[in-house]
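So that we are looking at the same thing, I have put the structure below in structure tokens.
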Amino acid sequence: MEKNKITEIFIVTTGGTIEKVYDEIEGTLENRQTVIKNKISSKLRLPYTHFSVQSILNKDSLYMDDNDRALIVQSLKELLKKNYPIVILHGTDTMALSAEVCFNEIKNVSVPVVFTGAMTPMGFEDSDATQNVTEAILAAKLLAPGFYISFHNQIFKVPNVRKNKDKRTFEEV
Amino acid sequence: MEKNKITEIFIVTTGGTIEKVYDEIEGTLENRQTVIKNKISSKLRLPYTHFSVQSILNKDSLYMDDNDRALIVQSLKELLKKNYPIVILHGTDTMALSAEVCFNEIKNVSVPVVFTGAMTPMGFEDSDATQNVTEAILAAKLLAPGFYISFHNQIFKVPNVRKNKDKRTFEEV
Amino acid sequence: MEKNKITEIFIVTTGGTIEKVYDEIEGTLENRQTVIKNKISSKLRLPYTHFSVQSILNKDSLYMDDNDRALIVQSLKELLKKNYPIVILHGTDTMALSAEVCFNEIKNVSVPVVFTGAMTPMGFEDSDATQNVTEAILAAKLLAPGFYISFHNQIFKVPNVRKNKDKRTFEEV
Amino acid sequence: MEKNKITEIFIVTTGGTIEKVYDEIEGTLENRQTVIKNKISSKLRLPYTHFSVQSILNKDSLYMDDNDRALIVQSLKELLKKNYPIVILHGTDTMALSAEVCFNEIKNVSVPVVFTGAMTPMGFEDSDATQNVTEAILAAKLLAPGFYISFHNQIFKVPNVRKNKDKRTFEEV
């Protein structure tokens, strides 16, 4: 067996709080462009992980509709042909719904597909984004094939998971 | 003369980017409440400065009107009776206008009145808020009586100063 | 099965870079006291993890000797009776050696025992400590019973792992 | 008069806590090389300040001797010919002594010469370095010609200033 193997991971971005960027000209927080690759590289040390980032949507998940979810399913099916573990960055408000749609439409996977996101955008001093991303990448290496949400150092099997807005985290249903 | 004297400063808050707080429940950046006292105390070392914070408004400065500016003038007149230097935290979009209204309505002051704010809210990793606040406090100790905007390590005499949106800073007119 | 169960974890501290604190009076970086519990709680969101911290040593691992390692083995044997997953914070210079001694002396465990540490102390802006700690806690929940080093999003099975000083990380032998 | 003039400033570095860098290979904090120019540019917004950095020493100020101070005096005399305000980064332990030597040897200056430093190195999360640097630069623009120590938002006239180790700041004598 090869030693010190580099793990290949796909990181799929769809927008959501985790990717929101503060625009100094407009004074707003927006999902503008995917800056996630540079941010992950500068905030985390991943000498044994090679990741490619694929941006398929750039939306607050509150405004995602059936077409958006069909696009996520379609993109996942395409990426799954490579058999690399997948981490999907997604807004928290409808993450559980999107994960369930993917689970129902795709069902059998040969790798882990791990959804994560953040309560506070990467770039805030007290953001949970970096924590969630590094945990999701590790989970994508360790878990059995299947659909998961990884959030705040906890792994939830899809379906039967939901956001708990008051507790500001996810929970099993 | 007394050695190692503590300087008394008034910090007047009116809202604006500098005080915006990320609300995890709503997913928005808002001017909710004045958290500035705790943040300044935790981010800056001010062993020779005693400051009291007075919150008179909590608005994005784009939405300030004549009544709001009359309130700022009125509050300043009241505070000026104490003869302590004053730092005013204000949104950048109409900071120059508010400073000019105060200058025209009050004219003669016996202490420096220093406006400042931020392009990016305190609490973002790349915020200019802490820098602007510590510079404005120092300027309030060193400058002659009068009205000023202190921003990005530069002191502007009021009037004849404006925000330059493209350069993301202020400039002399 | 119980939903949203809290996982109990033991965090054992032995000193090392990860716990070094800057002493402003002396101007030195030292292993003074275990501040790790407060730091972990303030930097990570762990709503489903209950951890207790047990400090057994407070040493730069370069200066650990056989007696120190016997103490680690003895402490682990005691803690293992509880059957909670264990994360051990340890200096990187001799982490692989201590982990191997524990593996040889204890051999069979009913939970994962995960060693981790940091190249740069927690509290530096570019520290890898927070990343390593959150990954080690997640690994302690997901891995099969056994001895591991978790570092920079990679899991190494003990023995056959060493520090690579030039690459500033660990590697399989 | 020229509008929006750029101020030219000399920043002279001598080592000290403010410039200490963590060496991951050796696990030590050292005065290795002057990284101050990049750090200042990345941490502060200085659109109206042009600064050049001149590194004349790279020492913990506890170990500075008469020769080192003679070198500082000589370097200052040379730089003062340009008539740009000067900020000197210096270890806190003997900053007051070095400032007094410069004051006694040079006496008359046509610009402010402002010493500053830090209790905790730049790069630590709770460092006072960035605050002290931005305040010293502003002080160098606003003060009358003379020798000063600027520290923790307070300006001290040289001589008659000393470090108070217990209070972790400077004070008037």
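When the chains are written out, they are named A, B, C and D in that same order, and each has its own residue count from 1.
One rule holds for everything that comes next: contacts are C-beta pairs under 8 Å (C-beta built on N, C-alpha and C of every residue); 3 or more make two chains touch, one makes a residue touch a chain.
Note that this is a predicted model, so its numbers are computed, not measured.
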{"item": "Shared interface partners, meaning chains that touch subunit B and subunit C", "value": "A, D"}
{"item": "Shared interface partners, meaning chains that touch subunit A and subunit C", "value": "none"}
{"item": "Chain of greatest Cα-centre distance to subunit A", "value": "D"}
{"item": "Separation of mean Cα positions, subunit B and subunit A [Å, integer]", "value": "39"}
{"item": "Distance between chain centroids, defined by C-alpha means - subunit A, subunit D (Å)", "value": "45"}
{"item": "Gap in Å, rounded to a whole number, between the CA centres of subunit D and subunit B", "value": "27"}
{"item": "Touching two or more other chains - residue numbers and ranges from subunit C", "value": "119"}
{"item": "Touching pairs among all chains present in the structure", "value": "A-B, A-C, B-D, C-D"}
{"item": "Subunit B to subunit A touching residues, read off their complex", "value": "17, 22, 24-25, 27-29, 60, 62, 93, 119-121, 123-126, 165-166, 168"}
{"item": "Subunit D-touching residues of subunit B, taken from the complex the two chains share", "value": "3-4, 44-49, 119, 128, 130-131, 134-135, 137-139, 141-143, 152-155, 167, 169, 171-173"}
